[in-house]
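Naming follows writing order (A, B, C, D, E, F, G and H), and every chain is counted from residue 1.
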Amino acid sequence: MELTVYLAGEIHSNWREELKEKAKSLKLPLHFVGPMENHDRSDFIGEEILGEQPNAIFRDEAASRINNFRTQILMQKSDIVIALFGEKYKQWNTAMDASAAITLGKPLIIIRPENLHHPLKELSNKATVTVETVNQALKVLAYIFDEK
Amino acid sequence: MELTVYLAGEIHSNWREELKEKAKSLKLPLHFVGPMENHDRSDFIGEEILGEQPNAIFRDEAASRINNFRTQILMQKSDIVIALFGEKYKQWNTAMDASAAITLGKPLIIIRPENLHHPLKELSNKATVTVETVNQALKVLAYIFDEK
Amino acid sequence: MELTVYLAGEIHSNWREELKEKAKSLKLPLHFVGPMENHDRSDFIGEEILGEQPNAIFRDEAASRINNFRTQILMQKSDIVIALFGEKYKQWNTAMDASAAITLGKPLIIIRPENLHHPLKELSNKATVTVETVNQALKVLAYIFDEK
Amino acid sequence: MELTVYLAGEIHSNWREELKEKAKSLKLPLHFVGPMENHDRSDFIGEEILGEQPNAIFRDEAASRINNFRTQILMQKSDIVIALFGEKYKQWNTAMDASAAITLGKPLIIIRPENLHHPLKELSNKATVTVETVNQALKVLAYIFDEK
Amino acid sequence: MELTVYLAGEIHSNWREELKEKAKSLKLPLHFVGPMENHDRSDFIGEEILGEQPNAIFRDEAASRINNFRTQILMQKSDIVIALFGEKYKQWNTAMDASAAITLGKPLIIIRPENLHHPLKELSNKATVTVETVNQALKVLAYIFDEK
Amino acid sequence: MELTVYLAGEIHSNWREELKEKAKSLKLPLHFVGPMENHDRSDFIGEEILGEQPNAIFRDEAASRINNFRTQILMQKSDIVIALFGEKYKQWNTAMDASAAITLGKPLIIIRPENLHHPLKELSNKATVTVETVNQALKVLAYIFDEK
Amino acid sequence: MELTVYLAGEIHSNWREELKEKAKSLKLPLHFVGPMENHDRSDFIGEEILGEQPNAIFRDEAASRINNFRTQILMQKSDIVIALFGEKYKQWNTAMDASAAITLGKPLIIIRPENLHHPLKELSNKATVTVETVNQALKVLAYIFDEK
Amino acid sequence: MELTVYLAGEIHSNWREELKEKAKSLKLPLHFVGPMENHDRSDFIGEEILGEQPNAIFRDEAASRINNFRTQILMQKSDIVIALFGEKYKQWNTAMDASAAITLGKPLIIIRPENLHHPLKELSNKATVTVETVNQALKVLAYIFDEK
């Protein structure tokens, strides 16, 4: 039984690599997917495919359609969603993906530093599990396969 | 045909009152519901009902359960969700409610200032309609009932 | 038991008025809803509410979001969908609404002239009932309430 | 992770072959399915299997049941739907398949020439992505698998 | 709280009248709906509305579409389904309605004489309750509203 | 907006009366429903309606079908479920109703004495809110309607 | 793409073997499942596993639970359902399985002799395709995989 | 066709091993999953991953989230759920898992000693099959794959 895990959240740090490597070293039967991690490409994918747009809002509109297309497919294929919230940025995409996972009945792990507990309290309460580090999230994933 | 509208988003300004009054003056058959607007009561509702909690995290946990209970009921009763994003705060609750509305197949209007278009681009693309002012949202609501 | 009926399809003829009047004269407990019937207003509703758009495609995009918002709400409130196909125009909106009704499990009546049977054959087969005139559709609606 | 893509739309041009070959040359893990592409066989499949029918309408009825059977199975097996609209024909089947995909929550790419933007505006707005060429659709598919 | 009850099954006896009168005399807040009880009208409703059909099979096809339209609407409006099986006829419509009720998650009472227990064993097992008389079915309905 | 609340759990104490009276004194727009509270009648309802059964197991089987029929209808009509766990009895029915509510997406309040926290930990975690007294449950209900 | 086909209906003839052999000779990628074909074992499976039951009704009840368990699993695993109706017997199980397939959105082929068209008219109308012979059903299955 | 079976219920006896070994000796194509069987680890998994908690209630809360995460994933992957009830303990988790399986439409086998028939009567009635021994459950599983 291999499980697919969608990794939502910030693309400015290497947390996905850390998680993938640890899962690999533990030989966990997990397959990871996620958003485009090249931030510029993600922002300009609309114009890359559809050509120049009239202004910044329409460039964003074009890019968001293609990013949403990717996320919808990969999240539908996933058994588990992990959403990491960091200190910076609005991260409304991360909240959107986390809430979609909950509403679709997909098990959700939120990773967030303790000092974000207050603004995340309702979302965190609806998540299946909330942890503070990537390592803790890995332990939660590993626990699925333990028998003793 | 009366429609129920859930008003998600910031509770620091009087945008709900503005919307309700304008809808009333147009005699639109709309019924509005939303979160607890008293910010302190919302934060302390867990301790108000369940008594003192061990620390801030558990106070948040207790409050969030009761706020989520309220939101779940009222959103399930709603035909339309409006989510307003402002300049301040994390507003992850607002993003959570907006994404839940989309995933549940409920029509969603996002109200946000133009300068937030970039961080909201994916969420805004999944919304049914995005506008910049409360007045524009009202016009979208009024349009449902116009025949000519 | 009052039933709500969504009337999808062309807004260039007065078929909705014909149906409503006949239903009224038979005192059928039916409530009818449908799209904006003022064609120009439907096409320009995006600019009416959101202001001028960069070009025709974006004007269409803005209008379509608000028309889809209206249709989504009214169709979700409906117990029955009637879709009328005429001789002119692409009528892809009508096909879209008819197919959405089928997929949502809502009973669908298609009204179409006999000479359109070939291009509509797959959609018509998935519809609950296909008729050729507004009067026949009315008789199908009336049959719901007959006991003998 | 192999994805299955249903290709709805006109069967008079070779756009499916073009898409399949390009996907193959890029080694994308995609499997394509679609309707019967032999137009005559599609129209006469009812009589081919069930024998002669009383008239043209009933021949269409018999054919449409078997074509709908095929489409229902293949679309349910698909992760993505692509619908191509061309200049000719009513193409209500294409609109039906596109709307069914949207309503079922399947990601949808519409391919259409720019001059069809107006009659397709509501359907295109509900699609996940709209593009103008087969090549652009391929790039959207390829983007799912890119990491950088 | 008024409940709507769909009464599926034979239209050759007056069991619906018996049930309605008893429910009325007990002042139970129940509203009953069901199929066309005029057997000839049910069989010829296709030709009544659509005109003469080429042969008996197509007459049946036309009638069945309109009968299915009626059943779909009324069953969707119902909170409870009662299906009565008698000694005569194939009664595949009754089995179809009963199975649809179960699959839709609607509570189902089957009324059948004891000697039909064997051919109905799988369907009866999936029903919520199986009884032998209309009077027993009424008692099951009355029990919903009893507090002591 | 009146809300319907299903009250699952023990029928040996008068907690339902306490809750109903307090809700009434606060003029909350709530309508309460629940299981048969006469324990003997609940156990013998199968034989009351269907006549004597071969043995105790089949008497239980007959009663359980009719109790499940009642619960299914009333829970489907409810917006909120409250499940009270006491010190005595197996209370597997209560756990069954609570878990069904969660799985159906209905907001759930669990009332349980603190010393039951350990055996209820997984169920309580999946509930929307857990409280210790009927009075606390009432306050959670009242909070839905508070604006300040 | 291998498809799984559930074969509902009579177990007194060898129609399943005929279908399987023809599918095999055409090398169609189909996997067939169905009910227990040993009629006596199907009727006595309850007592075979659970021991003697008090009477014939309870023996049927015990058997039906286990047969329903088998059918539920295999039908959930199936992409297509075929239901064959013959001249003899009540065949309410077959109607139950056919209606469950329709309600679950699974494509359904009904095989029935022409003289059964009248009692099957509503069920046949809701089926995706109706044919008269096993050979015709096979041709419908084969058509799924044809490209020209 | 391999089926996955979730084994809910007590972790104090070796019934899972007994079932797995018997299934293996019969070469049934079954894959078994279930909860953490090390009772202490299950109770302390919250603190094992998240660190020390303020008190016993919060330790339970932390553990229950992670156990629920595991159960949700494995049950969603399962085709069949088996729930064993024994003489001891509250076993509300077992009732929760059984009820969730029923509500999700997953076939459920309950194993319980005969003397528990009364407190389990409603749950047992909603289960697909109820048996008394692990061996009987195995026979029910084996029956899925028998053809004669």
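Note that in this section a residue touches a chain if its C-beta (ideal position, glycine included) is under 8 Å from a C-beta of that chain, and two chains touch if they have at least 3 such contacts.
Chain labels with UniProt names: A, B, C, D, E, F, G, H = YtoQ family protein.
All of these numbers come straight from a predicted model, not from anything done at the bench.
Peer 1: Give me the set of chains touching subunit B intersected with the set touching subunit E.
Peer 2: Chains in contact with subunit B as well as subunit E: C, F.
Peer 1: For subunit E versus subunit G, which are copies of one sequence, does the interface use mostly the same residue numbers on each side, meaning over half shared, or is it different?
Peer 2: same
Peer 1: Rotation angle, subunit A onto subunit G: superpose the C-alpha atoms of these two copies and give the value as a multiple of 5 degrees.
Peer 2: It is a rotation of 180 degrees, to the nearest 5.
Peer 1: Matching over half of the contact pairs by residue number, can you pick out the copy of the F-H interface from D-E, D-G or E-G?
Peer 2: Comparing residue numbers across D-E, D-G or E-G, the repeat of F-H turns out to be E-G.
Peer 1: Calculate how many whole Å lie between the centre of subunit B and the centre of subunit D, each centre taken as the average of the chain's C-alpha atoms.
Peer 2: 38
Peer 1: Measuring from the mean C-alpha position of subunit A to the mean C-alpha position of subunit H, what distance in angstrom results?
Peer 2: The answer is 31 Å.
Peer 1: Give the residues of subunit H touching no fewer than two other chains, as numbers and ranges.
Peer 2: 65, 68
Peer 1: Every touching chain pair, please?
Peer 2: So the chains that touch one another pair up as A-B, A-C, A-D, A-H, B-C, B-F, B-H, C-D, C-E, D-E, D-G, E-F, E-G, F-G, F-H, G-H.
Peer 1: Name, in rising order, each residue of subunit H that touches subunit G in their complex.
Peer 2: Going through subunit H, the ones touching subunit G are 1, 3, 79-80, 105, 107, 109, 128-132, 136, 139-140, 143-144, 146-148.
Peer 1: Going by the contact rule set out above, which residues of subunit E touch subunit G in the complex?
Peer 2: Result: residues 56-57, 60-61, 63-65, 67-68, 71, 85, 89-93, 95-100, 102-104, 114, 116-126 of subunit E touch subunit G.
Peer 1: What part of subunit D is in contact with subunit E in the complex they form?
Peer 2: Interface residues on subunit D, with respect to subunit E: 54-55, 58, 61.
Peer 1: Looking at the complex, which residues from subunit G come into contact with subunit H?
Peer 2: 4, 31, 33, 36-38, 41, 45, 48-50, 65-66, 68-70, 72-74, 76-77
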